[in-house]
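The first chain written gets the first letter, and so on, giving A, B and C; residue counts start at 1 in each chain.
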Amino acid sequence: MLGHYLEQVRQRHPLIHNITNYVTVNDCANILLACGGSPIMADDPEDAVEITAICGGLNLNIGTLNQRTIPAMLAAGKRARELGHPVVLDPVGAGASRLRTETALRLTEEVGPTVIRGNISEIKTLASGTGTTRGVDADVADQVTEETLDGAVAFAKAFAQRVGAVVAITGAIDIVTDGARAFCIRNGHPMMSAITGSGCQLSALTAAFVTANPHDPLEATAAAVCAMGLCGEIAHRRLTDRDGNASYRNYIIDAMYRLTPTVLEEGAKYAVR
Amino acid sequence: MLGHYLEQVRQRHPLIHNITNYVTVNDCANILLACGGSPIMADDPEDAVEITAICGGLNLNIGTLNQRTIPAMLAAGKRARELGHPVVLDPVGAGASRLRTETALRLTEEVGPTVIRGNISEIKTLASGTGTTRGVDADVADQVTEETLDGAVAFAKAFAQRVGAVVAITGAIDIVTDGARAFCIRNGHPMMSAITGSGCQLSALTAAFVTANPHDPLEATAAAVCAMGLCGEIAHRRLTDRDGNASYRNYIIDAMYRLTPTVLEEGAKYAVR
Amino acid sequence: MLGHYLEQVRQRHPLIHNITNYVTVNDCANILLACGGSPIMADDPEDAVEITAICGGLNLNIGTLNQRTIPAMLAAGKRARELGHPVVLDPVGAGASRLRTETALRLTEEVGPTVIRGNISEIKTLASGTGTTRGVDADVADQVTEETLDGAVAFAKAFAQRVGAVVAITGAIDIVTDGARAFCIRNGHPMMSAITGSGCQLSALTAAFVTANPHDPLEATAAAVCAMGLCGEIAHRRLTDRDGNASYRNYIIDAMYRLTPTVLEEGAKYAVR
């Protein structure tokens, strides 16, 4: 089933506007091209609103937010929603500082994202309005394991219902839910945490999938999460004993470029609850 | 003939100041180093004017322009021209938003670039003062093909004459003209559109070539366009069935690092009209 | 002996806050992950002070400084020192413009970095309060060679004593000194100057090493410098005749990911004076 959503991305070439951090922006652009989408970046408030109007979807990532990009994210986010475009919010580092927490909360409330994708600590911060995050990685105490999965699914569903968005909590086990159903996804490889921006790339990818599949945001998000994890697995099998995280980054994007709907269909590992 | 212009770059190591977007800035720096040039980036208005003075040439790219970088581009551009430095303008996304169109027009008028390099849609926007561009890619309707080449060459020549610059319109067939003569270049590979920033890299490269060959801006620009396309061909032959756009990006820069004047001489595919 | 300092990085996973340029920021993040550290970037003044408080160390790089990031660097730097966190200063381009020179001097005086790492021209600018630098590379006239080494060591020691910091001058021969002892390091490969940001990466790496080894800033810095140079050597041996500077960049980060304390121990080439 999930292969279909990739096929739509490859056929429709969604143009995705990204207001994102400057650490991983190049990787976000290349993963969008790899999946069949097309990236554009604009973060001056005046420019961002106009650029978003010519795009199909918007990806908001607060990774290196500042006083110029925050109003750009708010204005572009509202404009995108007026136009019926899907919006993905990546609350990078929510819980790590007041500015990040408050901005993530404001974007959630004032924009009303279609999808919110983050690690468990970031999503818990959004749900509670406060939090402590160890930088941009999830707290060990928060991590979703087989033991804590039931509780995490219940938490994710409740939060998705409350905010009216698809919520994707990614980690060792990923949870994607619209409040009614939850995909529990077991693709991916632990080494993905050794490259910068695998989460940022996934958010950009999700924007492409949701934009190309406007009637199925839940399934499209689950397909993006499975696709990213599967590419992490394929890329990992390619590593030689001299390759490290830089080559791994490249191989993941390469794998996305080569990924077919059939391979995604067969490689996706998920259960729906 | 074109090999000579690369040789000059490798001998003179031109120092190029880039005010460019943060999406592809790292690739621009590495392609400049690959060709034998040296990059420096400064985009605070105060800093940019001083930095441009110690450089040999300036590359202005409006990809992620904002209220800080626009005055920096104008001020550094004017200072570079006062000093007799070549200036390359890459009007990324002109036609996609008013801010981009207006900024590209202002830079064209107030700075007077030595070379303007863009896709056909961006250059048409500059020529007409208005336009509609699908993000940062050329509109399909605008694309230069064998059928539309005559008209496109005439258009490019007229625009080059009017603005007094070398104009490089890149796409499936590239046109480089100073208003009198036009190089029609058939190097490159379609997969180059699957990596972010191949155009941005070409503009940075052009700045290095024009700076190292100050008396031959037309030929130097044509050499840069041929070199980039040829590296796209060489890199494409290196791809395995597991490589995608991330490896392709690296292989293109690698190919530029290895490119010799002789290989460029023999591999350049162009006709002059 | 130096292997120990890498081991500490791998065990303690220091979280490093980077206020750095947008040219090489992705490489800085990946080299930090490669060595066992964890990166976070925040450069809005309000955000930066809070983010630095949750980190273990701070890396300040003035590469593309602007009116927003300068106050962020000053404020985060002071907060980090109040908290007893190590701070690394990379004065990229000091001597190339007044803004860079003045900012580097202010950061040196007002923050009091733990380590200052730059090329010889940048450090000479800091020492004299003025200077001329050819962009971001060292002037040929300044370069440290076997002939000029004695004088350079004496200069570095005197400067280190005056500013009360570990000073790392990197080039063909690297000098790392706390004013009393000096490590003269001969790791590395000339081709490292053909990739953008090898210096920026080293500064980020140094921050991780010094943060994980808080009582030995001199040895930790020397270990970081040896590790970076050694990875440059290992990566260079891996190059094929089609590889250039893009693959070399990736291979260096890969080598850091694979580097073991034993390999560092055996490969480090240094003498202490």
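Simple rule for what comes next: contacts are C-beta pairs under 8 Å (C-beta built on N, C-alpha and C of every residue); 3 or more make two chains touch, one makes a residue touch a chain.
All values reported here derive from a predicted model rather than from experimental measurement.
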Is the structure still one piece when chain B is ignored, or which groups does it split into? one piece
Give me the C-alpha superposition rotation for chain A onto chain C, in degrees, nearest 5. 120
Copies chain A, chain B: same or different interface, half of numbers shared as the threshold? different
Chain centre separation (chain A, chain B; CA means) in Å: 33
Mind pulling the residue numbers of chain A that touch at least two other chains? 22, 26, 68, 249-250
Under the touch definition given earlier, write down the residues of chain B that touch chain C in their complex. 15, 22, 25-26, 29-30, 33-34, 38-44, 46-47, 50-51, 54-55, 68, 238, 249-258
List of chain C residues in touch with chain B within their complex: 21-24, 26-27, 63-68, 93, 96-100, 134-137, 194-197, 241-247, 249-250
